[in-house]
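Okay, got some structures for you below.
Look for chain A in each of the two complexes below; its partner is chain B in the first and chain C in the second.
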Partner chain A sequence: MTTLEKIPSRQMTGILVTIWKRVKKIPPVYLIFLVIIIGVSYLNPNFATLNGMLLFLRRASPLAILAIGQLFVVASGGFDLSQGSLVTLTVIGSALIIYNNEENSYIAIMILLGIGIIIGLVNGVVVSYLKVPSLIATLGMLLLVKGGGLYWTGGAPKGYLTENWRYFGRGFIENVPVFGRFPVAVIVFLIVVVIMTILFHKTNLGKQILAIGDNPRASQLSGVKVKLIRIIAFLISAFLSVVAGVMIGGYGGTSILAGEGLEMQSVSAVVIGGALLLGGKGSVPEVAIGGLTLEAIFSLLNLLGLPKPYRDAVQGLIIIGAVAYAAITSKRRD
Partner chain B sequence: MTTESIPADEIKRSKLGIRIPPVYYFLVIITVGGLILDILFAKGNIISNPTILTNILIRSVALGIVAVGQTFVMIGASIDLSVAYTISLTAVMTSQLMQGDPERVPMAIILVFVIGAVIGLVNGLIVTKLNVNPFIATLGTGLIIAGILNGTFANFKGSVPKSFRALGYESLGPIPISIIILIAVVVLGWFILSWTKFGAHLYGVGGSRELGRLSGLRTSRTIIVAHIICSLTAVLSGLFIVSRLGSGAPWVGPDGIYDLESVATTVIGGTALSGGRGGVFGTLAGVLIFGVIDTVFNQLGVDTYLKTVFRGAIIILAVASYSFRSKREAA
Partner chain C sequence: MFKKKLYMVLSLVMLAAFVLSACGGGEAPAEEVAVEAPAEEAPAAEEAEAETEEEEVAEEAPANPGLAMDAAAVAMQFWSDDLYEESIIFMDTEPINPDAPVYLQSLLDNKVDTSQYKMEPPFDICFSNAGVNNQWRVTGYVTMREQVEQLRAEGLVGNFIHVDAEGSDEKQITDISDLVAGGQCDVLIISPNTSEALTPAVEQACEVLPTVVFDRGVLTDCPTTFLKTIGGYAFGYDGAKFIVDNLPDGGNVLALRILPGVDVLEQRWGAARKVFEEAGNISVVGVEFNDYSGPKTKTIVSDYIDRFGYIDAIWMDAGGPAVAALEAYEDLGLDFPVMVGEDQMDYLKYWKEMDVTAIAPTFPTFQWRTAVLAAVMILQGEPVDARWVLPQPHVTQENLDQYYLPDMPPLYYALSSAEDMDNWPDVWKELDTTVYKDVIE
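Our next item is the complex of A and B:
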């Protein structure tokens, strides 16, 4: 009797152990995201519907895109703190270029993507060739872009963003089977995630970025063009910042505060997504979910009735907590 | 770090710590250049009007005091990006606590210094015990302070009494009290770094945490103390700012970009971001450079937004002028 009883129970624990091992392998960000989504859905039943989720994704996509851009720089060992100011520049610069003429919308986007590429290039060159630590370099760039943008527009947003420009941020594709209406922002988000996942995980570029983040000297000795790779990382970050800027302006309209503080949010999202600060480890899909998670946390705090400034405080706690958690677990592994 | 022998007189000089840092040549060049620009394109008031010179110094006081603290943490290979919000917190708390009543001044001052010490302690503990990268740790604590500040306090609630405003406006003989305080802080900082055991330990720990630990230093404690010192200087800056403004608002710290500028002036002054090298006299020169540039821009009537642009460019170029020769890759 006893043996008969023991065997199945041992099998049971065996199965449980394998399940637990599988669960442990799932990156924690997915579980965190699930828990928060359940929390938000509980407080706001509208959220749990298909439409509610799509609207949430539309709002959260820009942050997730910024976070993916930030990941490229973080994985290479740096930071890009000029992202937020570039978002602001995109919004107020576009309004100025469009100047109430719908035909100028796409030209505006092209010009700003060009400006973004130049800014990313400068960031990369300053860090790689002048060897200024990226925190200082990109914080300096933040001042440059912010001051430059405000000087360009004279301190207040001029003109307004036309409907076709705002389409990417708040538009819908009508009559989609199953979904009904599908937000354009979510399509942009999915495209960015797919392209960047391939770039980061399936090409040499991604491996080289991780390599220089892990150990620049060793990767240089093994033939990686460290400077070039670093510049590309900053380029991607700046480019995606402009993309996110178009979506944020589309969703929220012109404001000189459009991008305020977004660089910290994207760093937080990267950390929540399990990437290691100072480089060497990271994953595009996880960081994208990290961005969505942060936005979901904001929704949750909002539903709980917490005033907006406390978001900052919670964000601070999250960043410190996540990095401390990573530091402690990596220590244990050693 | 290097094993080559150092000439004896150099050791003597570096022990005294009064070897003139190269940044003073920059200071001279920028001052002369500024004066020439001022004479050519403005009224040439900077030389002829002594109050403008005093104003350069007074404007440098707030940044100078906190930059001395930043120098301490950066020599210890750490950094403090929460200083801007510590300054705001101090300014707001001081005017809230004093409510214009001279009798409450000592209580308020003690309380804000205690709060500052706690912030420094928390920063230090997160960096050393939780092993969080100091940039992130202090950005995080900065965000926490900012959130609490903006959520709890309104602009310009309460005020400081007239007697307290003497700190910002009165003079002792010909020299403004604020400048005396700045000089006192710099000299005290120099003394601690060059003549005390703690100072020597800080350079050692900053040069290499591992080497410091192996040679028996209490690395964590040294860095925690440096963080406490830094937060206390931020509190002192906050007190000076609120004595000038008369009342505190949550935006005074971040608006003055004290976090980034204290780091930039420290780096310009020759303190390495990687720690172990530097000193407060270099930092003072960095602060004065910023003060001169600011004043020259004002004299020339440069647009506020363009000033921000120049500021960003100057910070990048100033750091680049030191870093570009280094053989190590930056990230």
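Our next item is the complex of A and C:
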């Protein structure tokens, strides 16, 4: 205390201001995540263990991956609402292709990734060349994929997801030093984060996506192939949706509702991750943490014993709150 | 600059509309605060802690907190005390024809004379089907079509006209009046989509044709026979009773329901709820809707384990996602709970291999073939029960080996009683509903 007393109060404020400035530079999503994780750990001590964290990561990984995909589209100034239905299609389509035969598992994943790429391509082409706003285009795709999936399977999930297909969402690598057993889903998640971070932050593609989101006209004039870049953004989103679908089906098995509502969750996660909803700003690691944060918020609501509909309400408030926050702070800067 | 602001406002409005339409709104303060100033979250967390402490105190009371939840309400228009009591009695009733195969047994003797319908075979049978939109119906439908093929081989059945209502009341009402007007049917089998909506259409059919109604009922006794196994009350009672008998005092129970408002599911839950309420020594800590989804079920179960440390028993109104619920325990490295599932093969397999304390109440798919056999009996002038109550066996540890068939696919329902049919078991391994011909030359 004596050392502190010797420092003149003005200097003291100076130090606090510097600390505050440093804190302000940390993206808010990390702090929010930390606070919520502390809250969850307090209510459920099991959560704070290494195993608890890994199980949480396993459960949150698909949403975080979807959010990263959504970021590519959002950063370019669009929305991808077809994500959830593509997740469902992945789950029920794979079950149908596998048809209780383990050997078909990897073929099923390949076919679905192919279908995902085609759907992303169509989304991108419809938005870029037919000039349909992405909200409408992907909403249409949502219905198309949902209806197509139900038609394909005849309304009821047929077949079954075999254990080797489910490995990516459910499996563990045993006997890992320190961790004991390590969920495969978390490995997939980390790989996706690394690749997408490089793609988004270290390559021209990422810069061009952000440029389009910020000002499509200006970026076109400066030589960016706006249409192509948009198509690639939708492609990545659809591809990652299939990856998330494999993990979600792996975690819990077949369901015609596997992807229900996930598109809104991924948009919420993108917003929590600090990306601007109208494009031009965003970061892959922050959005990944945004996805984890949303899942942690759901855990918190569960531990508080709040009924499920609160999840939706909270998502709504997060989106509105975060967009408003972004609007207010950008106004200040101006 | 003005334009940018405009965009902001527009996006806000759009998102608000989105959110409202997606979830119907609600209130949860705390979060906006968290977005703007995360450091201020601390007091909110303290409040939260106070809340859970209160809750824990409430849990120590012998009450059933879960039964106060919205999802625990029973839609009373589907509930009848008399039918509930009767179902419990039926569960211990010996069939009046114990020597017949189970799919032809009857628990209640109320034969009606059908000699007026007697005619020469082959009979043309029409079938208005609510849908083939879940695996229970797929297994049932395949069993039914195989029964038809066998009767065709015997020269008893000619055409079998199947019309699928795809889960729509309106379509089924139109389907029935088309079938009645079409004049192609000697007898009409109906599996109603919903009871109330289909009643007038069934009444209309009764005036023209002998009718067989099965699975879900209608609010008229005009059909020549209405057949099903004992039903939803017995299903719900059976599982709940097993939990109450196998749980230590103070054990906690999570009940999972598919969705509200379906008569048979309301009856299953209503019966279970009654058993839980009357037990007194256990605590229902939650009742949740799982939408018949595996991933959702697994998440809900994991959430409840997080919240309460452990859940001693899980009751389900339909066993489709039962394996997903058990996997939640397996993945967490916990002992399995006392489990209520259904006769789906994936569940029986898991039960057998993992040695779970479990039961499988059933709504047997064999009633689908009974419907065809009843239609043929009517046209042969044989008496049938006006209300044909079939037995409803359950799978327990004692008879698990009888019903668990390792070669059958995971989504096959074990109580099809199809083992005595010509194409057993290959056809049930494929469960392909598209290979059957309605009209034969």
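Miscellaneous remarks
Just so we're on the same page, the second predicted complex is superposed on the first by the 321 of 334 C-alpha atoms of A that agree within 3 Å, B and C clash if a C-alpha of one lies under 4 Å from a C-alpha of the other, contacts with A are read in each partner's own complex, and residues count from 1 in each chain.
Note that contacts are C-beta pairs under 8 Å (C-beta built on N, C-alpha and C of every residue); 3 or more make two chains touch, one makes a residue touch a chain.
Only a predicted model underlies this, so the values are computations on that prediction, with no experimental measurement involved.
Look at A:320: by the touch rule set out above, it reaches both chain B and chain C.
Touch criterion met: A:140 reaches chain B, while chain C stays clear of it.
Once the two complexes are laid over each other on the shared chain, residue contacts for A:27 go to neither chain B nor chain C.
Applying the stated contact rule after C-alpha superposition, one finds that A:47 touches chain C and leaves chain B untouched.
Applying the stated contact rule after C-alpha superposition, one finds that A:264 touches each of chain B and chain C. By the touch criterion stated above, A:309 is placed in contact with chain B and with chain C alike. By the touch criterion stated above, A:277 is placed in contact with chain B and with chain C alike.
When the two complexes are laid over each other on chain A, chain A has residues 155, 264, 277-278, 307-310, 312-317, 319-320, 323-324, 327 in contact with both chain B and chain C. By the touch criterion given at the top, residues 126, 130-133, 135-137, 139-151, 257, 260, 263-264, 267, 273, 303, 305-313, 315-316, 319-320, 323-324, 326, 328-331 of chain B touch chain A in their complex. Interface of chain A with chain C (complex): residues 28, 31-32, 34-36, 38-39, 42-44, 46-47, 55, 59, 100, 154-160, 170, 248-249, 251-258, 260-261, 264, 272, 277-278, 297, 299-310, 312-325, 327, 334.
Those residues of chain A that touch chain B in the complex are listed here as 76-79, 126-137, 139-148, 150-151, 155, 212-213, 216-217, 220, 226, 230, 264, 267, 271, 277-279, 307-317, 319-320, 323-324, 327-328, 331. On the side of chain C, the complex with chain A involves touching residues 1, 5, 7-8, 11-12, 15-16, 18-20, 22-28, 31-32, 34-36, 38-39, 41-42, 45, 48-49, 51-52, 55, 69-70, 131-135, 137-138, 166-167, 288, 291-299, 302-303, 306-307, 321, 323-324, 327, 331-332, 346, 409-411, 431, 433.
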